[in-house]
Amino acid sequence: MSGRALLRNRVVCGALGVATLLLLAEAAGRAGLFGQDTLPLTSTIVARTVELAGDEEFLTDVAATMTAWSLGLLLTVAVTVPLGLLLGSLPKVEATVRPLIEFLRPIPSVALIPLAILLFPDRLDLKIAVIFYASCWPILINTMYGLRDVDPVAKETLRSFGFGPLAVLWRVSLPSTAPFIATGVRLAGGIALILAVSAELLAGGSDGIGAYVIEASSSPDGLEFIIAATVWAGILGVVTNSLFIGAERRLFRWHTARAGVAA
Amino acid sequence: MKSPAHAAPRSTPSSPGFLTRLWPILLVLVLWEVVTRVAANGFFPPPSTIVVRMREMWLTGPAAHLWLSDAALDNFPPSLARLFTGWILAGIVGVVFGLLLGRSVVLARFVDPLVHFGRAIPPPMLLPLLIPLMSIGTPMQLTTIVFGVVWPVLLNTVEGARYVDRQHVETARVFGFTRGQRLWRVILPSATPKIFAGLRLSLSLALILMVVSELVGSTNGIGFQLRESERAFDPPGLWGSLVVLGLLGYVLNLAFFTVERRVLSWHRAAKQTT
Amino acid sequence: SEKTTSNSANGLEKTDITIGMLPLPEVAPVQIAISRGFFKAEGLNVNYKLIEGGAAALPTLLSGGFDVLHSNYVSAFTAASQNLADLKVIAEATVATPGSFVLLTAPNSHVTKVEDLKGKKIGVNTKKNVATLSTSVTLKVHGLDVTRDKIDFIEVPFPNMWQALKSGQVDAAFLPEPFVSAAAADGGVKLADTMAGPTDSFPIAGYFVTSEFASKSPKTLAAFQRALLKAQTIAANDRKAVAEAIPQYTKINAQTAQIMQLPGFPITTNAVRLQRVSDLMLEYGYLTKPFDVNSLLLGGQK
Amino acid sequence: MLEISNLTHTYGSGPSAHTALGGIDLRVAEGELVCIVGPSGSGKSTLLRSIAGLLRPTGGRITLDGTPVAQIPDDLAVVFQDYSRSLFPWMSVADNVSLPLRRKGQSRKQRTRSAAEALEQVGLASAGSKYPWELSGGMQQRVSIARALAYRPSLLLMDEPFGSVDAQTREDLEDLTLLVRGLHNMTILLITHDIDESVYVGDRVVVLSKAPARVVGDLRVDLPGPRDQINTREHSDFVRLRGEVGRLVRGVRPSQPSAL
Amino acid sequence: MLEISNLTHTYGSGPSAHTALGGIDLRVAEGELVCIVGPSGSGKSTLLRSIAGLLRPTGGRITLDGTPVAQIPDDLAVVFQDYSRSLFPWMSVADNVSLPLRRKGQSRKQRTRSAAEALEQVGLASAGSKYPWELSGGMQQRVSIARALAYRPSLLLMDEPFGSVDAQTREDLEDLTLLVRGLHNMTILLITHDIDESVYVGDRVVVLSKAPARVVGDLRVDLPGPRDQINTREHSDFVRLRGEVGRLVRGVRPSQPSAL
């Protein structure tokens, strides 16, 4: 492969980026830049991270977290996208419920977890509930903002052919907003992962990466394991994100083609 | 960016329509009161109890302090300072890097995995990394906030900067706009609607992260108080903090909304169908 | 834990029991009882779930997610005294032994005696629990008062505490075993044993159920208590058994488990001892009115 | 029958207000093809959008077959001046054309056939599977014409529909419009800047003044027989009418008595 | 001096590939105004975009004053066919026109004046403070012409620049283009569908074939003196040339020897 071809390969480039960061962190660690040698060396963490990949107990935990993640995100998308479309296309309704939305949005889901436990004794339900609560906002907001961006001429075209508001919504507003909704879903995906782990961590008594961290925190040398588990949370984030990106690229070719992507 | 003077907002927060729009909140309050009274669960106190507790906690001070109690004066200002500093920092970082990544495909290829890696790390789990790197207190809290809220701005800015109408980009190139002009005059304005969506999301997130950052290793703040109420098994106090967060979020969003309407008035008018 | 077989062999109301517990050495008897089949022998199928803190896990007990909860007394008494939770203590988990909960400083700290802590920051894992209470007591013994002398408690998770100490972000830290041994091995300096004087042999944590559970499933409860007591007795007398059990439910390695200072495993539930906790809580403002621990005891007044 | 009386429209309010329509009166009989010409920025598109119900005019009345136009009239098609933005980039060209036919209750097969036919008529037989952004400007314009014609509306509004195609194609499209109109008895309003075209295609030519627009001329085009690009354009009446329209547009003869 | 030799361009690849340019050869001298006519979808805009450096053609060479065009040439202005999307909706019309002038190192005052002057020249003196979306189609098109003319580029590319304005305005804009060209010695390539216009405005008319586009005609327009809408158009040479271009476009006389 020539240098140019290498530059065009996202995987190679991404790996190079990660490797650079790791090397820098290792060097900084060895040089003692991270204060009183309190932080495990990058190489130690990498070793732990690799070790975890073969740890059956941990893999079960990952599976538990990802189950909650996918169910939670699915529910969020299924409920929020239609809701966002509704609110975005009915300004009066939106104005009515906006105070409520704006009031609920900043209430930290982390603080709600102890209360949510009382309502959702089952851990999976609990995780799905807090995921929903936290990750519906990016989808909702992006859907509503995206709807405002729809070309009015496109909407008028369909209206003039006698299509009703619903058809316009379905055939023009939704497809033309879709790329932006997808960004919202991608954001929500990250948040959902965070909430799944946080719920496991704070509510305890569960399976998942968060539960693994609780166990690791029982030991003075648990820190390495905690960081390694955190790294895995990040890796899962990268993997899920690239799945989303792949899907978006396939679905929204028209979007890329019409835009002047990078000068 | 200039905003057209004649495209004034249709209804400002002070217009009478604003008050009438608050009825859903009243409705919810009444429902809440009824349901909690019927359920009679100590963890879910009725709003009336919460209000009394809130008064007791925060509004028992002297008139000279606007009746704010010491607890309020000790906890609210530092929280707000953290919130705004964190949000503004995150906004700047998000927009700057978003524009960079949005316009440079090669750079984006290198950094993408790192960005999404960072995005997936739960901010509470950052702690073990942050404690040795910086001192507990404001620097760590700011880092937590910035780290937690930068992503919506970053991702939306990338999106907005990457997908600028081809015709606009080509026009700018043909007329020999300098890099700076292209960025400042074309890409940024055309991305603003999306950037604003990101900023709006991150404003509420900043409030949340402010709380998260105050849960551990802090000595004051709304999150600190929330944690204290939680530890002391004081549900009305806990709910009081939640209500304050909600109110704060509501007010902040209102202010943000007003600014946004001004900045984006071109957008609204240009995309209006009659 | 949903499955209830009311007509099983021993007439147990419920055979599947879930216990929520912290991954601490003091719950080793639960692991012992499971490994050695004590619960099985009583017809019980016991599962444990690890929790992060007693306060945060209490709602799960109340909502039925757990049948039994391992919690520190300070948190449980606070909740019970406010009528937020109707609880019963079914067994004591641990009482403090000398050296198991220690105030620690970094190697070259300016703080060399407790008196130096005036205006300083002390790291604890959770506020308003046994850590802050016993530290306050210790401070008072040395003539300091938390409020008057502007001493701040700061929440830092145990695994991060040593980092926080070394980087000077807290001036002293409240640490339990095995964190004390690990820190000491790395040069940590013991400032004071928090479990001395007024807090000598201080009860730390117990096993709780809801009153509702206690009244509905008395036989199950009795069976559980019998099995646990058996394990508790072994733990109290056989250090090796405990050291073997610990690595099975924590990330503490076998080596550490063998050398660490073990907590005390009481085999009776002592109301007088528990009332001491309640009284100290009142004295230090954790409770607003006196709280009688008898209401928490099985068969005690409600 | 389309009746417009004293239609006025003002954009905005206050000092920046702009009156686009200054009182338009117009009657269009069923099956008639009326061409509208007038200076750029006079208010032609505004008029069209009012008739289409896309814009609520600030004054006056529009009735269609006796009922006032408040909503978008049924069985209407519009070719927008901004054709490129009126095509949906996420659909193929064929889908763009066949989408409105769903409203006509046509089966999928019928729709595909109608779309293919219409695309062929505008000379885009092979472009059906492409996306709008893969087409040239003129091709996009033709797609939007094909979409409107395939729909066979009873009222067709066209805003400079042939502005981006070459002379030859333009003539073909003019003839196509006449043909389809004849077959399906549509009422057509066509805005154009080409005076020859307005006379060639129209049954009537309506000339609007500068903003605020008023009708300054309304000429009946009485050309014989089926129109034909070569013979009609050489007809003496054609030459006369075209001169007349030209003079009206140029404002050589300002507001005529026929205006009101 | 602009030289294009054997320029080819194919969109896409594989079975759906489409060859738009099939080997174009063209030379344009400095200060010349060349009109390009050709059927819709032939590849005119593709050619223009290649010259502007916005598109990397798949084959052939374009040189400007001897140096190959790889980047966007300096001192270039383009009037895009899709004018409405080439104006920035977040800026007032005056700002849209004056923004490119920053590059010319003009002071703010100068820029404001140049923009106002150019807007006046295209008949939009009073529209400066409006936003593009408040203008009619023809007005938007004129804004984009004003922007290009105010810029005074040495190379000006115009893609159907007068397609959306009325006959009168169109003539005015044609004359304006000729005037500005004369004053500032620009080289202009102008794509048009109006054959009369191509002959009236151009020093040369280049006719392209259907896709894949080739040059099928290249006529020098030798009309006397300063051109004038009435006299020039009545000149016998004008009538002859216009007929000739017309025949070429209609393909009556297929590929001429002059083609290569």
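All chains are identified by letter, namely A, B, C, D and E, in their written order; residue positions are counted from 1 within each chain.
Going forward, a residue touches a chain if its C-beta (ideal position, glycine included) is under 8 Å from a C-beta of that chain, and two chains touch if they have at least 3 such contacts.
Here's who's who by UniProt: A = NitT/TauT family transport system permease protein; D, E = NitT/TauT family transport system ATP-binding protein.
All figures in this text were calculated on a predicted structure; none of them were measured in a lab.
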item	value
Set of chains whose contacts include both subunit E and subunit A	B, D
Interface with more contacting C-beta pairs, comparing A-C to B-C	A-C
Subunit B-subunit E separation of Cα centroids, rounded to whole Å	49
Geometric centre distance via CA averages, subunit C-subunit B, whole Å	38
Euclidean distance of C-alpha centroids - subunit A vs subunit B, Å	18
Residues of subunit E whose C-beta touches two or more other chains	82, 85
Contacts with two or more other chains, residues of subunit A listed in rising order	35-36, 38-39, 114-115, 118, 151, 156, 201, 223, 226, 255, 258
Multi-chain contact sites of subunit C, meaning residues that touch two or more partners	56, 59, 62, 157, 159-160, 163, 167
Parts of subunit E lying in touch with subunit D, wherever the complex brings them together	11-12, 18, 37-46, 81-82, 84-85, 134-139, 142, 159-160, 163-170, 193-195, 246, 249-250
Parts of subunit A lying in touch with subunit B, wherever the complex brings them together	7, 10, 13-18, 21, 34-36, 38-39, 95-100, 102-112, 114-115, 118, 137-138, 141-142, 145, 148-152, 155-156, 179-180, 183, 186-187, 190, 193-194, 197-198, 201, 213, 223, 226-227, 229-230, 233-238, 240-242, 255-256, 258-263
Interface residues, subunit E side, partner subunit B - complex	52, 54, 72, 74-78, 80, 82, 85-86, 88-92, 95, 99-100, 102-103, 131, 133, 147, 151
Residue ranges of subunit B touching subunit E (in the complex, touch as defined)	1-2, 4, 165, 167-168, 170-171, 173-178, 181, 185-186, 189-190, 192, 266-267, 269-270
In the complex, subunit B residues that touch subunit A	17, 21-25, 28, 41, 43-44, 102-106, 109-114, 116-126, 128-129, 131-133, 151-152, 155-156, 159, 162-170, 173, 182, 193-194, 196-197, 200-201, 203-204, 207-208, 211-212, 215, 223, 226, 230, 238, 241-242, 245-250, 252-254, 267-268, 271-273
